[in-house]
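The structure's right below; bear with me while I get my questions together.
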Amino acid sequence: MTKITYRNSSIAAIVLLFLLLSPLQNKIDLQRKQMGFEQRLLLMPGQITGSLILGGFKGLAADLLWLQVEELFHSGQSYKMLPILRSVTFLQPKFVTPWAVGGWHLSYNISVMVKDHPEQEKAWIQAGVDFLKEGISYNPERYDLYFELGWTFFNKVKNYAEAVKYLELACKFPRPDYIDDALAHAYEKNGQIDRAIETWKKIINSGNSFSPTAVRMLHNLKTYGSTIVPEKK
Amino acid sequence: MVKAIVIAKNTFQEALRMRSYQIILVFALLLLGSSQLFSFLTPVEQLKMIKDVSLSGIEFFSALMAILASMTALRSEFETNTISTLLSKPLKRSDFILGKFLGMALVTTLGVVIMSVVFIGLILFKQHSFEISLFSALFLIWAEMLVIIAITLAVAAFASTAFTLIFVFFLFLVGHLTSYGFSLSGEMKNPVLQVIIKFFYNIIPNFENFAIRDQVVVGGTIPITYLLKTFGYGIIYTAIALIVCLYFFRYREV
Amino acid sequence: METNEKPAALRIEGLTKIFHLGRNKNVTALDNLSLEIKEGEIFGLLGPNGSGKTTALKLILGLLFPTSGQIEILGRDHQDVEVKNDIGYLPENPYYYRYLTGPEILTFYGRIFGIKKENLEEKKEELLKLVGLYDKQHLPLKHFSKGMLERIGLAVALLNNPKFLILDEPTTGLDPIGSRETRNLLLNLQAAGKTILLSSHYLSEIEKVSNRVGILHQGKLLALGTTSELMTQWKAGDIEDLFIKVIEWSKQS
């Protein structure tokens, strides 16, 4: 084989293989989309995280930023924390912890800082709710954020109908034992006593670690008509 | 093919003597250090971060090892002129390149395996279980390394040591970013520009294909069809790089 | 054309090699070289440093690619990989994998030659004894002196029992005793029917063993023949005188 025919056939082989590669890449792209892989790029020039992202280490960048969020929170710089929290959820929206903890910071911690201004307090609680809802849109297949949102409605917003709605959703997925108990409480507060009793009975029958609690709750309901024991005079 | 295996064995032994595996020590220290560093976090966060650091570390250090060792394996033959004694023997140049590739593949495979064992050990210790999806991530890191080795050999076959290092590291970065560029190009109005971008998207190795780490550490599962497609992609790209390597090497004067 | 009873071991025709060193900068390392070496002959390629000797040898071995011209070894095209089964090559300043010992180097190259394991052990012992490295079996090559490297290089070159030996400056690293041993070895190899092509700028070395010599200067073959023929032709007293006269002549013309 002469040099020229050798080189020509090499080039032909290379072109042929690239032609094979192109449709394969399309299929890979399609499957990545179906699997919900996010094509996201956040450039933070001059920061180590920026270099990590450029090197394809998004998860690591998200971790570093998340550590920064934790540090800022614990040193009381809550407002400074928010944009970085946003970067974390942007980089790795399937990382659940930042959504959960972030929602809690907004509804519980920042809102308390402005409790002298009720309209601002309300706005921050709502911000936490919205944040969790956004998190759910990326993670609809797991209990975590449904529970966080349901509990925020229960405990902070005191909207029990919404609490029931999200805690019910949380119970559709594999979950820790306390979730069902929380749902039963939400039913009770929402006036759905039958559903509450039904849920506690289910807890008792399924060997859930909360069954002693459930027994006590059912007893209280029968005795006092409420799970809250009235104070003895 | 028999002669390629002789070359592969020698390449592997030379790489061991060059102490290519010292880099793994850095990885082990990083891993142990990080597991201590994150101890103030909740266990869930801590595990997520250990997995991130480990898988990123395995990918980065494997790539570093693959690039440095492959480059050395080829360049040192040129620089010390051992190549002229080899090619004056009845050894096909294609067998030489294939041997270098197989030798480096063995070196890198061993590196990935050692690091994976350290990683799996740590996760078993901390979590008492090990998700299958983490194996998927390790498998694709390994497949990615094959592509990197072949590309390094291809560049080292015609370029200097410094150029090879800079070019392959640059390609490693760009190869992780092309998919972003491509998804952005969807918003472009200029059709000519779109064609150009599509062309480069298909030419530049798409290392992002192999990156499932970020999904796996947050509990995602990876279908086997995806692993097969991506592995196929890796094999085809490796073949292309080896043909390019031989294209330059076949008539290289030594 | 001469009529020979023996066929050619090497036939070179119109071999030219031009190196391109950037824009408009070409160096003609070898200019239209034609040469025939008969089987069983020891041929010495003489020339000062940079005259194109190594270039010629590398072209023959297929390490470099000719700009033009043809090369045939033992009746076959020199780029045929199988031809190299019959060639032994000792490069100038041989350099092998530094961490290997003598026997390991021979094993490695033996495998490249496809020599069977059982034959290889025997061959290794024989060659290490021949080049005087048998008692240095456990020493890695990084501790070898220049002369020892030259010797192991010679062992590698003889590993495949080649019909045709190409030796580039075979005596550079050797002391006078080593040189003499090498010389005797070459004569023994010739007696065993091998063809030898060697290059050197040590003129007296070559003169003592070569049947014919060629004088190469600036890529051109200036003289070709037996030393006695050439000395008569150029009216030279000894080979050094011949060498200087040939080169002076080429500078004038």
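As written, the chain order gives the labels A, B and C, with residue 1 at the start of each chain.
What we mean here is this: a contact is a pair of C-beta atoms (placed from the backbone, for glycine too) under 8 Å apart; a residue touches a chain by one contact, two chains touch by 3 or more.
If you're wondering where the values come from, they're calculated on a predicted model, not measured in any experiment.
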item	value
Between subunit B and subunit C, the fewest steps along chains that touch one another	1
Taking each chain's C-alpha mean as its centre, the one farthest from subunit A	C
Chain closest to the assembly centre - both centres taken as Cα means	B
Inter-chain centre distance, subunit B versus subunit C - centres from mean C-alpha coordinates, in Å	42
Centroid distance [mean C-alpha coordinates] between subunit B and subunit A, Å	33
Mean-CA-position distance for subunit C and subunit A (Å)	75
Multi-chain contact sites of subunit A, meaning residues that touch two or more partners	3
Of all residues in subunit C, the ones touching two or more other chains	65
In subunit B, residues with contacts to at least two other chains	251
Residues on subunit B engaged by subunit C in the complex (per definition of touch)	2-3, 6-7, 10, 13-14, 17, 80-82, 84-92, 251, 253-254
Interfacial residue positions of subunit C with respect to subunit B in the complex	58, 61-65, 81-85, 87, 89, 91, 93-97, 99, 108-109, 111-114, 153, 156, 160, 166
Of all residues in subunit B, those that touch subunit A in their complex	41-42, 44-45, 48-49, 52-53, 55-56, 59-60, 172-173, 175-177, 179-180, 183, 201-203, 206-209, 211-215, 217-220, 222-223, 225-226, 229-230, 232-233, 236-237, 239-240, 243-244, 246-247, 250-251
Residue ranges of subunit A touching subunit B (in the complex, touch as defined)	3, 6-7, 10-11, 13-14, 17-18, 20-22, 24-25, 27-29, 31-32, 35-37, 39-41, 52, 54-60, 62-63, 66, 70, 92, 94-97, 142
